[in-house]
Amino acid sequence: MLVEFGNTRVLCAASVQDSVPRWRRGSGQGWVTAEYAMLPRATNTRNDRESVRGKIGGRTHEISRLIGRSLRACVDYKALGENSILLDCDVLDADGGTRTAAITGAYVALADAIAWMRERRMCPGEPLIGSVAAVSVGVVGSVPMLDLCYTEDVAAETDMNVVMTGEGSFVEVQGTAEGAPFDRAALDQLLDLAVGGCEELTLIQQEALGS
Amino acid sequence: MLVEFGNTRVLCAASVQDSVPRWRRGSGQGWVTAEYAMLPRATNTRNDRESVRGKIGGRTHEISRLIGRSLRACVDYKALGENSILLDCDVLDADGGTRTAAITGAYVALADAIAWMRERRMCPGEPLIGSVAAVSVGVVGSVPMLDLCYTEDVAAETDMNVVMTGEGSFVEVQGTAEGAPFDRAALDQLLDLAVGGCEELTLIQQEALGS
Amino acid sequence: MLVEFGNTRVLCAASVQDSVPRWRRGSGQGWVTAEYAMLPRATNTRNDRESVRGKIGGRTHEISRLIGRSLRACVDYKALGENSILLDCDVLDADGGTRTAAITGAYVALADAIAWMRERRMCPGEPLIGSVAAVSVGVVGSVPMLDLCYTEDVAAETDMNVVMTGEGSFVEVQGTAEGAPFDRAALDQLLDLAVGGCEELTLIQQEALGS
Amino acid sequence: MLVEFGNTRVLCAASVQDSVPRWRRGSGQGWVTAEYAMLPRATNTRNDRESVRGKIGGRTHEISRLIGRSLRACVDYKALGENSILLDCDVLDADGGTRTAAITGAYVALADAIAWMRERRMCPGEPLIGSVAAVSVGVVGSVPMLDLCYTEDVAAETDMNVVMTGEGSFVEVQGTAEGAPFDRAALDQLLDLAVGGCEELTLIQQEALGS
Amino acid sequence: MLVEFGNTRVLCAASVQDSVPRWRRGSGQGWVTAEYAMLPRATNTRNDRESVRGKIGGRTHEISRLIGRSLRACVDYKALGENSILLDCDVLDADGGTRTAAITGAYVALADAIAWMRERRMCPGEPLIGSVAAVSVGVVGSVPMLDLCYTEDVAAETDMNVVMTGEGSFVEVQGTAEGAPFDRAALDQLLDLAVGGCEELTLIQQEALGS
Amino acid sequence: MLVEFGNTRVLCAASVQDSVPRWRRGSGQGWVTAEYAMLPRATNTRNDRESVRGKIGGRTHEISRLIGRSLRACVDYKALGENSILLDCDVLDADGGTRTAAITGAYVALADAIAWMRERRMCPGEPLIGSVAAVSVGVVGSVPMLDLCYTEDVAAETDMNVVMTGEGSFVEVQGTAEGAPFDRAALDQLLDLAVGGCEELTLIQQEALGS
């Protein structure tokens, strides 16, 4: 499925495998993981391909790990059985917030994949125990803002990615002072904004899944 | 630009650089090159990412080289000046004929990029000296066919990729006996089919470029 | 310098170079970066060397980037001039909280290196504009705790790394729900704990630097 | 065995293994593959070793794949049983036509290896169902020529590699317009030349194999 | 355990595994191997990490192999059973003689590990059949010297590493003329010095092992 | 040039470059280095290519370094000027003693290359200040032997490679106890044998060079 947030477009796809990584075998439990990548022309100036450079950059690794961790928060491994779901998030166009768009879109791909598995009776139980959505918030020119686009992102003094469940709990909070360090009041304001943003996305996800 | 041939979809983009590879510096001549890649979920069963495996496979290398070579056939290096054009061809969905679709689409991206350079007076002359299009033809069940889709491709006894100029000359002819070796008559039939296919594509390219 | 927090021991060293990465040249500004690594026997069960595996893992990348970003928060690039400081953080023994110990120790190494540069009049101004310290906090068995050791870390439902300046502002907040997602109240409790912990570390850093 | 064509010298060796690649196991069928490489001093100016550069170049990959594909055209996988034959083609001296010399020589090594296996009753049937030879042809100064040496190769406007069976069918036809695109008449002339060249080589191969 | 020779400090650790490399399986015999590495700041000017460069340098490989080979001289593989011992030697500070310090220290770590295995009845017999120690000797300004530090090492005309058993036999003799080639008399003098040095180290090892 | 010792055959070639590695620039001094490799079928059982594995093994590294170091012993860097000579030693057939055969043959290639440079007046002086040859000696069944072939090499209790100048001094002495450690008397016997062997090789080298 293709997620669009402003000019950011991310292709999210889930692949199901009826096996688990070696360290997980025999546990009766499943696994969920993710791979994030950007096409070379997703940004305004072309990026070299990581396959050509022969290694994956630190940023790519970090985001892939974040996506996987976030989605595992809404999965019951035992109910999944010894199956794996791999989420591919490929950014076609990048204009800020690619990692949060990827998480939000990957959730829909994950839910679809689990429904497909349930139809085929591949899982011993119901593996989907909730939903997950993510937003990026930031302070630009001392104004807290939701969903920064690329030019805002670069100008942001503070940048925060927040991943939440559909029920309003936090899965991941990552705030970084790009310019000046931020105080507790700014942190609180950003969290308020994020809570509102994630609620909206949860509704959109539910519509997309037709429930 | 996005090229679609049947269910095959390839994203083709051209990037212009005002420099050339080291071995070309000081020659007053430009260069054109290409990179081909497939998203992991372009095919029905997921392929591992080449960035994750840490190296580019032989097939990817071979196709990237073919695309670059084909497009260089319609470029005058001197008129291009010491500039490079890099063509990215990323397959979003693969259903046979991805390499020929990539060449045909990359030509349009190339022509666009050269027009953009000409507006900015970056080139000493007119670098575009013709057009290039490509088709795949094959023998399936002893019937010669144009534009094989994936299931036909797998079943083909002979598979041939033909790259031609808009004026009807050959740039590249690559025929492979997948099953039984083929005789001269079969080769001639396939070439006839290819000539017709490339003529059609040339018209479509001209429309896309609005000329 | 060797930092010890409980049984965690990290060797932190700063290396000064009178040049900057290519993208920074001619800007008149300096750069600070970090590399984090673990000796194979730092943990109870041996880890394979990343040099032997031929690539750096995602976790190592992520932590190296976090340390660099955190320390850049207390550096004025212009006052540093076109010099680079590279911080090496090598974990000799790991018993939880290695990344926060590395940041706290690297700050002392950084301050030492800057003092050494100032003596040699290598910098146009005073590059050190503050201090930085970090703690890990978490919820273990629903009790918020400071400075988790390895067994607590594994058992933690929520794990949070907080990097703060000596003046009490946040540089980085990274909270992850390992088990169940956490609510706003838990987040606030963890932040309170972290603030206290960083204040203590700031005092210890000042002592170590003899100021 | 050592093949010499003009000044080109290629060492071809076959290695037999009583197993097949993983994707082939349990099929009862064998596999044939090839690896091509050039010694650093095979050419006039030294080439860096691919082992030192840490990866195999696109050209090497492409040629290795071509050799493997060509030789598989004369092998019956079922009669081979679950055995693999790996053909190593190492170029000691390169003066044009190394890939076609490698194919022609590798066939002899392959036939020898199969005879050796037959003596040891390793194969359920007769795996060798024909012979394979290859030539390079080209247009130099508008004259079609057989077996280009290096200086001719560089000057060629069109370069074509043709792989044929001993019975005169085509296994692979790869024609590339290095300079100007070529027309159908030129293509036909080159194919005629190639047919004659391959016939001659087939006789030489039969002599070498003493049959 | 931490070995110090002058200003050289090497951390030596042994890791026991109840399995052997693939080529050794089913032989009933064990294996001993070693990995040597230097922290980036072990030397006065920082060395790049081999994990960052993505490959292990020739010198590192060579020393790792020397350490492994030396220690295998005092081990009875059959008495060890199908177990492996991996010795990690990480240089924290380098001031000459790191490889010989690593061998001498690794022996103590090995003996400790074997004692630990014997307590747990993991070995069918007594695998430790002797001891091993190593020194570096050299000719500096025509004077033969024991245990060169870094400045002497650089100035040495001849540099020799000698590994001996506790009983006074040679396991490895590696002499290199850095400057002028050396004659038989010089070689003999260096060997005499080495014999004395290894005897002393053997006593120190025995003390360290409390025997 | 092709060196043959028994069944061992090594192709040695020298390449001259009118530049030096970066760390050597501006010194007015030259450099000599070597690369050693084995063809996959040099041995009885095929070895995987290091280019395919993507990295050079420890053994290859070690031997390349030994060859370079040995040949530098007969070169005056200042008289060579800022030129480099790279020696390629490729083993076509391996039957023991490949590294010593490579050194002995590489010397002849080096002397040829220097003569070629002298003719072209590329060097400020006479860079060749002596000759270098190498032998392998060993103890097989308690009998010291010169020039072990492969089956003897495997059976050897002690294996020693000795590199000497034409004037009879030692450049490198590398003795390894493969089986039981060896005593001083055995070491002396092996050195005596090596001295005789190198003298013979020096004569053969002089003949080959026609002096």
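Points to keep in mind about this one:
In this document, chain identifiers A, B, C, D, E and F correspond to the written order of the chains, with residue numbering beginning at 1 in each.
Note that contacts are C-beta pairs under 8 Å (C-beta built on N, C-alpha and C of every residue); 3 or more make two chains touch, one makes a residue touch a chain.
This structure is a prediction, so every number in the text was calculated from the model and none was measured.
Listed by label, the chains touching chain A and chain F alike form an empty list. Least step count on the touch graph, chain B to chain F: 2. As a whole-number value, the distance joining the C-alpha centres of chain B and chain E reads 57 Å.
Computed centre separation for the pair chain E/chain F is 26 angstrom, with centres defined by C-alpha atoms.
Per-chain Cα centroids separate chain A from chain E by 49 Å.
Across the assembly, chain D contributes 54-55 as residues in contact with two or more other chains.
The assembly's chains link up in one ring whose order, counted from chain D toward chain F, is D, F, E, C, A, B.
Across the interface of their complex, chain D is touched by residues 55, 57-59, 61-62, 64-65, 69, 73, 160, 164-165, 167-177, 180-184, 187, 191 of chain B. The residues of chain F lying in touch with chain D in their complex are 11, 13, 15, 35, 37, 39-41, 46, 49-52, 54-56, 60, 86, 88, 90, 92.
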